[in-house]
Amino acid sequence: MVANDRDFYGDEWGERTSTVLDADELVLNMGPQHPSTHGVLRVILKLDGEKVLGTECVIGYLHRGVEKIGESRTYTMFAPYVDRMDYVAAVSNGLGYCQAVETLINVEAPPRAQYIRVILAELQRIASHQVWLGTHALDIGAMTPLFYTFRDREEILKVFEKYCGARLTTHAFRIGGCQYDTYDGFEKEVKKLCDFMEPKFGEYEELLTTNRIWVERTKGVGILNGDDCKALGVTGPVLRAAGVKWDLRKAQPYAAYPKMDFEIPVGENGDTYDRYMVRIKELHQSLRIIRQAVDSIPAGPIMAKVPKVLKPPVGEIYHSIEAPKGELGYFIVSDASLQPYRMRIRPPSFINLQALDKMVRGMLVADVVAVIGTLDIVLGEVDR
Amino acid sequence: MLNYLTGYLSNTTDTPGVAGSNLWALIYILIIFAGVSGFVVLMNWGERKLLAHFQIRLGPMRVGPHGLLQPIADAVKLLTKEDVLPDGADTVIFRFAPVWVLLTAFTTMIVIPFGPQHAVTDMNIGILFMLGVSSLGVLGIIMAGWASNSHYPLLGSLRSSAQMVSYEVAMGLAIVSAVMMTSFTAGWDGAGTLSMVKIVEAQRLQGTWFIFKFFPLGFVAFAIFAIAMIAETNRAPFDLPEAESELVAGFHTEYSGLRWSFFMLAEYAGMFAVSSIATTLWLGGWLRPFPNLLAGKTWDMAFAMFPGVLVILVGFAAFYNAAKMPKHPAMKPQVVGLWVLGLVVVAVGLLMVMPPVALKISDIAWFVLKIGFFMYLYVWYRATFPRYRFDQLMKVGWKVLLPISLGVLVVTGIVGLTPELWAWMGGGR
Amino acid sequence: MKVVTLLRKVFLVDLLKGLRVTFKYQHPKEIYTEQYPLERPQIAERYRGLPRMNVNPETGETLCIACDLCAKACPEHLIVVESERDPVTKRKVMTKFTFDVSRCMFCGLCEEACSTDCLELSQDFEIATFDRNQFIFDRKRLEQGPEGTEYTR
Amino acid sequence: MPEDNKANATPPSDGTQPTKTPATEAKVSSPNPPQSPANPEAKPAVAVPTTPKPAVPAGAAAAPAKPAVPPKPAGPTPQPWENEFIQRLKKVYGSGIREASTYLGQNYITVDVSIVSEILSAYRDDEAFDYLVDLTAVHYPKREKLEFEVIYILYSFAKNTRVRVKTQVANGASLPSAVEIWPTANWLEREAFDMFGIRFDGHPDLKRILLPDGWQGYPLRKDYGILQQDNAWVQGNLGIESGQ
């Protein structure tokens, strides 16, 4: 770390030979202990007054070596670990992992399991977006939406708890389907939840969407156009806000998504406001998907025939899903043993975070905070 | 000697400062110091509680009934905390800055008129004095930011200085328009006043609060002041100098313990000061509402008793909440405490509604009630609005508030000098 | 349309809308906070909390057959099962069973692996202790189940 | 940490020692069904002649791994993958294109390290693969020379298809950076460097990204034990034995 700092500050840093009154540049160390870096992200900002001249992200404070752990656990055992990457969207992580392994062993989950997966994944998307909205608004200074979003997210977590026994790191799905069938009254409860959520989304919007301060703080801030997004590999709502109508749920549908009727909201300018609007619209689309899925959920088994001891044949596959934050991919190399030979996770947050530098150059310090918030990163996933 | 002591008490028109009674001035200073400190403690609890309720939370609940003793617990904590001095800080300035901030915040209090003679003194330049002294407070913030030898405080103090300077302009112009209104008082021969007491007096004589004067001119000036005063006290949505999500804690990032609490004290005292300016200039100071509509001795009495009734209601609210506390053995002391508190509050309220007392203190009570209204607004804004960015804040200050306040000032002058024009425009009063 | 937008802007409609929402939520009945030890949360039936070992309700014998499946299923390898063969019945008898809760991530794989419904993750969620050693649950504690936590303050 | 890490940590006694953890594997796989006769045939079928991928060594590691489960005896195998673009590439680069196959519907192409930059540029410019999904590496210590496989996962928005470009590099060798082609590669290459020690020539700022700068070794290499770093640190800084 020290050597790293020296590189950035220059050699004199340790001796303080340069004058304190050097008015040209100011190096501001934001994080890892900072109220709005969403965990342990550290951003070193080079400032001219409050204007950002450049940034450098220092990450890895939460590195737990998930990929290495994956190489020493069996396929079944590794499933709980993926929940701990993006811990605000654990269901999506688990969905991606289970589907990746299913692709590898060439098994398809039964339809009922697919529907359950879609329902839970969409609920998780809402929950994840709610966490994003609350923290993003808090970064920009609006304290209260945080509490409203967390209150509403609580209802989703209650459904998770009832369904699979855990609220946050759910471990809801297993390779080949689901471990748990729905509980009594699941459909009714989820539908009630949808009806409960709809007006709440309206309230978030009332607090923020037209609020002049919010609009001023977000419009034109952190612009990332479609080409930049593609070049930087940015996916998810950030990409869609830039006007690229691309969503893996439509582009390469998985689970029960092909049977769902929904739209992909897109923005125009690719600024923070558009990303906000895209995510707000996604909340409504998720409700739409959940309603359809609950209405048409088929009966039947929830687990495909999967051997108790998983030994996929030699080979490698890449499978990705549309997690709330972007494309979440798993690249698994199998050597026909019990453990994956290589377990690579393509985390959306990690790659989206890379765009931070491009987005904040020339902006003010306050915008850095807004942009970190709008990228919707989770450091558990960035560092893995 | 005794004569000197009691001499002031027979005086029913002047403040102690004006009457030349230094002893009573000192007593008033002590009362105000204690009162404002008590207000800060109460406000500390009130803000947390209010904010919590805006945010569907409970707020402090564990220290005392409904967290009523929380400010005391916090005060004890702050007093016993280590006073951290950052490495490389400018020791003298670092230690002096909070004292300075506190000093200026409390100095402004001496001209606040809680009643016709309830002020330490009544200066003929009262409002100017308040503005001048309160803007000195920014010096302490700059000192704090500079002396901390840290980037966040530095940025925070720079923001603060720029913000205060630019909002003072709009604020000053809004005040001038209110001061101008005082000169339209019949019998004053067109002479306005800067004295805080006289400004309220002018509103009484004109029979209207200045917020309704030349409607909507007075109201717009008031609105400008109400916005500028939030910026002036560094509160949300203009809390950039201490923007938590950007600058951690802004200019007081490096402070801890008692010195930090000085900043807090000064912040709330500043809120009190600017609210009292707004109350004095536009909301009729200590005057009761509806002086024309509901005139007469009976109504005077009713309005004088109203604050006492309010206090009694607060006491009953305490009873209600005590009855609603969770039934748990661990909660027993709190329930009992709340009952006792309710009884005390009701007793105080009963004391306040007794006609002789009520008439004596009704002016203070109304003044405090109006300030309480502003405090509620402060918390309400904080709960609702996002924070402006620095350049946008400047834009609002210079490009929106300043032109409007200038316009209001000019129009006020014109319509004040030509009442016929105002009448022709369909304006009242 | 333009005029309406302008008027909305002048009369601060956008800000007032937000103020209305927060004002509305002040009502005490909207408060969402649970005063935790005094008001206890409703725990779902499937909740995965502290582990418990079930015993045969009639005989009080353990249901565990010392098959070691839970230990093998555990991703963190925190379950240790020791057994010996009973010379009389020729059956494996569990002699020692420890469960290190401090490393447990409550994934539920052990409970799924258990072939006799013995090991189970119960609804108890109050895990905090004053001592790390107390996180290592032995057979006795697992069979007893959680002792209720009582809060005096 | 549990015992399997210890097993991982023990450095291989000789170069050919499998880096899998035989102890754990043996332990976990004990309740396996008996060996299936079908499996031995599966092995050569999987290892396509052109694939220099001895992921499953015939040596010690394969022994416990043998007893696969009957349902899919042979398993899917990589099929040759042909299209115009591949043919053109083959025409231009000849044997530089080692393999072009499709496995479970996913296409990949293995190319020589000397031409990887050109292939990637061709994919981006000619085939509109404008999005680098991921860049990662796999370590095959049992390969003779080219120990590392670097994998570029590309996606084309226009065609809605993915392709994997793979190349192989030796330990200590370097390969051209893809930052010029896709800026995404910046952090991904840093991560590959951090985890595998693969050097990328022309990378603007190749340094560790997730691990601290003073870290010893490259964790995702198969011969890296988790405990050695921990032990060294604990002994150096605390002067006690590591509790792991």
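So that you can tell them apart, the chains are marked A, B, C and D in the order they are listed, and the count of residues begins at 1 in each.
Convention: contacts are C-beta pairs under 8 Å (C-beta built on N, C-alpha and C of every residue); 3 or more make two chains touch, one makes a residue touch a chain.
Since the structure is predicted, the reported quantities are computational estimates derived from the model, not experimental observations.
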| item | value |
| --- | --- |
| Contact-richer chain pair (by C-beta pairs counted) among B-C and A-C | A-C |
| Centroid-based (C-alpha) most distant chain relative to chain C | B |
| Chain nearest the overall Cα centroid | A |
| Separation of chain C from chain D, taking each centre as the mean of its C-alpha atoms, in whole Å | 38 |
| Whole-Å separation of chain centres (CA-atom averages), chain B against chain C | 49 |
| For chain A paired with chain C, centre-to-centre distance based on mean C-alpha positions, whole Å | 25 |
| Gap in Å, rounded to a whole number, between the CA centres of chain B and chain A | 45 |
| In chain B, residues with contacts to at least two other chains | 54-57, 383-385 |
| Chain C: positions in contact with at least two other chains | 15, 18, 21-22, 25, 32 |
| Two or more partner chains touched - positions in chain A | 144, 147-148, 151, 207-208, 211, 213 |
| Chain B residues within the chain C interface of the complex | 50, 53-58, 61, 326, 328, 330-331, 380-381, 383-385 |
| Interfacial residue positions of chain C with respect to chain A in the complex | 9, 13-15, 17-18, 20-22, 25, 32, 43-48, 73-75, 105-109, 112, 121 |
| For the chain B and chain A complex, residues of the former touching the latter | 51, 54-57, 151-152, 155, 236-237, 239-240, 243-248, 382-392 |
| Sites on chain C touched by chain B in the complex | 15, 18-19, 21-23, 25-26, 28, 30-33, 35, 37-39, 151-153 |
| Residues of chain A defined as touching chain D within the complex | 1-4, 7, 59-60, 63, 65, 67-68, 71-72, 74, 103-106, 230-233, 244, 246, 251-252, 305, 307, 309, 311-318, 320, 327, 329, 331, 333-339, 341-342, 344, 346, 350-351, 354, 383-384 |
